[in-house]
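Quick one: the structure is below, questions incoming.
Chain naming follows the written order as A, B and C, and within any one chain the residues start at number 1.
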Amino acid sequence: MPAIIEVQNVFKQFGDGVIAVNDVSLSVEEGEFVTLLGPSGCGKTTMLRLVAGFESPERGKILLGGEDVTESPPYSRAVNMVFQDYALFPHMTVFENVAYGLKVSGVPKAEIGPAVDRALRTVEMQTQGDRQPHELSGGMRQRIALARALVREPRVLLLDEPLAALDANLRDQMRVELKHLHDRLGLTFLMVTHDQTEALVMADRVVLMNNGKIAQEGTPTDIYEHPQSTYVANFIGASNLMQGSVVDGSGDMVTISTGGGQLKASGSVAMHKALQGNVMVCVRPEKVHLLTNGQDAGDMNAIGGTVEELLFHGSSVRIKVNLDSGEPFLVDMQMKAPTASSGLPERGAQVRVAFTPENTSMFPAEASR
Amino acid sequence: MNADTTHGNILIANAIKDRRESSLEKISNRFGGGLLTSMSMCVLAFLYLPITVLIAFSFNDSRILSLPWRGFTWRWYEALFANADLQQAIWNSIYVGLIATLITVIIGVPAAFALDRYNFPGKTLFRRFVLLPIALPGIITGVAMLNMFSTLGINLSLETVIMGHATALVSVVATQVFARLQRINRSMEEASADLGAKPWQTFWYVTLPNIRSAIVGSALLAFTLSFDEIPVTFFLIGRENTLPMYIYSTLRRGITPEINAVGTLIILASLGLIILSVWLLHDDRKKR
Amino acid sequence: MRLATRRKLLQASVLSAPLLWTFLFLFLPYMILTTYSFYEKKFPTFVPAFQFGNYYQLISDPQYYQVIFRSGWIGGLTAICALLLAYPFCYFLVFVVKSARVRLALYMAVIIPLWVSYLLRAYTWKTILGYEGILNSFLVWAGFLSEPTDIFIYNKFSMVLTLTYIFIPFTVMPIYTSLEKIPRNLIEASKDLGAGSFLTFLKVTLPLSMPGVIAGMTFTFCLTSGDFLAPFLVGGPDGFLIANVMITQFGAALNWPLGSALSIIMLIVVLTIISLSDRFQRAGRLDLG
């Protein structure tokens, strides 16, 4: 079965010379929730617009359901989009907005009413039919935009930063609601966002982009636990990065020599020996234990340092440690007991940061994708 | 920090603030404000006095346009309605105005779209040419078109006047529609296309309703301006007269109160059209 | 059909009418005008030629260059008078008037006369200032004069007065727009830093409103010096400006080449002034992107 969206070697350049999408290929399976993630200017919005038909690529192809739509205008593609600013028609009522797609396709009047009603029910706005867009709040407008896109029962729904204009509380709520909507309807969702939390929470698969290229794609867990470059490690979550060179290794354990001493990390020797040595070892702050000088490290790697600062984050505390080698190191500790009695170290205390080799990931140091 | 220090700090701060607006400044501010107000009222009076005089004297029962007031009369208005030449001139002006306005819309709306959305070679030049008639004294436009018509061997008539007016007034419609187009949310049109509307459907159902009041408002404006147009008309007119040309030729013979009467009627009609047009052009802001 | 080609075709069809019209009625006439300006006057009319005689005549013959200077002079005076009246009014509207409704109403009150018969507005001054006019009869009736005087009309004073009256809205519009655009917090910042009202005006408001002032004065100057009606109605012996000369050349004198040359000179001067003042940013009214 062909993927429902296939982007093949697409290259898009704008008039001022900016290359927005640089030879990118992507495929989305039917029913998936895929997020295009990245900072502004990375090309994610252009990718979405290429799939929707608002831009055409200089090179490459776009296929929807196996059909080449590269040269098709937006109104003949079976995808619908929810715009970042919702783009509701100000001179029409909510009902007319949602009915619009059906009207211009020539659907008979008798069928439009029930279809609109169904769509409004899906987003729980069935009582708002007679109101004007400017009378509605941001959250309500977003639902109408969703209903308007869904009423035509597209196979693919495109979402352009749908939560960006909402305030924080509403955003949290809508994240979950959108995910539930996806699961319920069984449609394919392709969403653009710059917010990594959104991507991690909502998506089945995350595609992280940088400078017009795909930096890494995979499930949220994959991307989080196994970043393959400095860029990915830094974009998603916080990370501790240590640079070093491969010294020795056996099985899936490798010994790395870094500024702070020797570490054991997980990874295949063959892969990294080929690079003549320079690698980055990455470990997430929440996977790090804080040991006093007396405690036994066991199998874990342990590096000495001094506590510089403690930052209270509510459910966790982020401890900044200055390693003996001079580099900074972050440790996140969940507060399972009240803060006062949890035995946090004081500033200036001598500690050791410890982590198991399984909790590391390793990638070539030069990879700056 | 105790209460005394705080209190002292506040006093010092207030003293510093007062120094910025010394009593001399306070007086000059109020004086300045009053001066400005009276000046502005004078400007308004200056602007409206002659118009008031014109209207008033159209009712004065005297051949001569001067004081003292001789009594209220309708006779100048009655004379107007008996004047066949005048009536013909009015019809001509209406005819010219309507056709010229129609042309300005047919040319001006696409021009506004082109300037707002397209990039094409010669765009800057095109923009300059479109704006030219409004920036230049009308007489130049009139002269230039006269030269062309005579070169092409076209006789002067009301139709040449129509073309002259249309050329001079295209920019009125183009600028207003352009301004409105700039304010339209572009993603609205993309949404329409995304939902399956072909380009003409997007234009008809989405774009047009949002620029309609700009088109109508500027068309009304163009009509009013055409009705009053002199410099271009002067050079392009044939044997028929438009209203302003009729008044102009009457003026050359001498001033009569009938002119005041015509003037009053014109003022009232123009005012009505202008107010309507402005109301339309300012409309829709709340719906954005 | 390719998407890009489809778009281009649509663009071309939309552009066709305006482009054609602009070419036929704007570009072509100016080209013809330029051509005519090189023709030669030969009794009874004129013949095709390529010579600069007309331009030379306009510059060297006092009959003509005096008219050109007079037009510029009147234009300049009018622009200044209009500025002196318009600026305080605009300042008043933007900074003294508190209610947005009142501000809009007063602004409209100044702009509306612009579209109410230009001919009539010029003509009313003739009736007011004339020998048998309203001002005179009022002064006689009130006892200030024993008999009517003709100093009010048919001179430069009446011309400038009438022209100022007609063209003040052109000065008001750009100045109002540029004053309105000044962010209020700049003025507050200036006062906060210790400058009084007058100093704030001098150092902050005035410089920032300059683009509007220049635009307004430019428009007024250009339109005034090209006017023929006011000079005709109230100008008297002095009332012969460029536009009046042009009317004669295209009328009785049948000297179209000279008239065309004069038009071209006017065109160049006006275009130069406008593009110079363009540098200082168009203030609102004529923005086409």
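Assume a residue touches a chain if its C-beta (ideal position, glycine included) is under 8 Å from a C-beta of that chain, and two chains touch if they have at least 3 such contacts.
All values reported here derive from a predicted model rather than from experimental measurement.
Novice: Tally the contacting C-beta pairs at the A-C interface and at the B-C interface, and name the larger one.
Specialist: Higher C-beta contact count between the two pairs: B-C.
Novice: For which chain is the distance between its Cα centroid and the global protein Cα centroid smallest?
Specialist: Given all protein C-alpha atoms shown, the central chain works out to be B.
Novice: So what's the Cα centroid distance for subunit A and subunit B, whole Å?
Specialist: About 54 Å separates the centre of subunit A from that of subunit B.
Novice: I'd like to verify one number: the distance from the centre of subunit A to the centre of subunit C, where each centre is the average of its C-alpha atoms, in whole angstrom.
Specialist: 60
Novice: Averaging over Cα atoms per chain, report the distance between subunit B and subunit C in Å.
Specialist: 14
Novice: Residues of subunit C that touch two or more other chains: which are they?
Specialist: Residues of subunit C never touch two or more of the other chains.
Novice: Scan subunit A for residues touching two or more other chains and write them down.
Specialist: Within subunit A, residues 53, 73 contact more than one other chain.
Novice: Note which residues of subunit C are touching subunit B in the complex, please.
Specialist: Contact set of subunit C toward subunit B: 10-11, 14-15, 17-19, 21-22, 25-30, 32-33, 36, 85-86, 88-89, 91-93, 96, 106, 108-110, 112-113, 115-121, 123-128, 130, 132-134, 136-138, 141, 165, 168, 191, 194, 196-198, 219, 222-223, 225-229, 233, 243, 246-247, 250, 256, 259-260, 263, 266-267, 270, 274, 285-289.
Novice: Tell me, which parts of subunit C touch subunit A in their complex?
Specialist: Residues 1-4, 6 of subunit C touch subunit A in their complex.
Novice: Would you pull the subunit B residues touching subunit A in the complex into a rising list?
Specialist: Interface residues on the subunit B side: 185, 187-188, 190-198, 201, 205-206, 209-210, 286-288.
Novice: Subunit B touches which residues of subunit A in the complex?
Specialist: 52-54, 73-76, 79-81, 83-85, 87-91, 100-101, 103-105, 132, 134, 148-149, 152
Novice: Within their complex, state which residues of subunit B touch subunit C.
Specialist: Against subunit C, the touching part of subunit B is residues 20-22, 25, 28-29, 32-33, 36-37, 39-40, 43-44, 46-48, 50-51, 53-54, 57, 64-68, 106-108, 110-111, 113-116, 118, 120, 126-127, 129-141, 143-148, 151, 163, 166-167, 170-171, 174-175, 178-179, 182, 199, 221, 224-225, 228, 230-231, 234-235, 244, 247-248, 251, 255, 259-260, 263, 266-267, 270-271, 274-275, 278.
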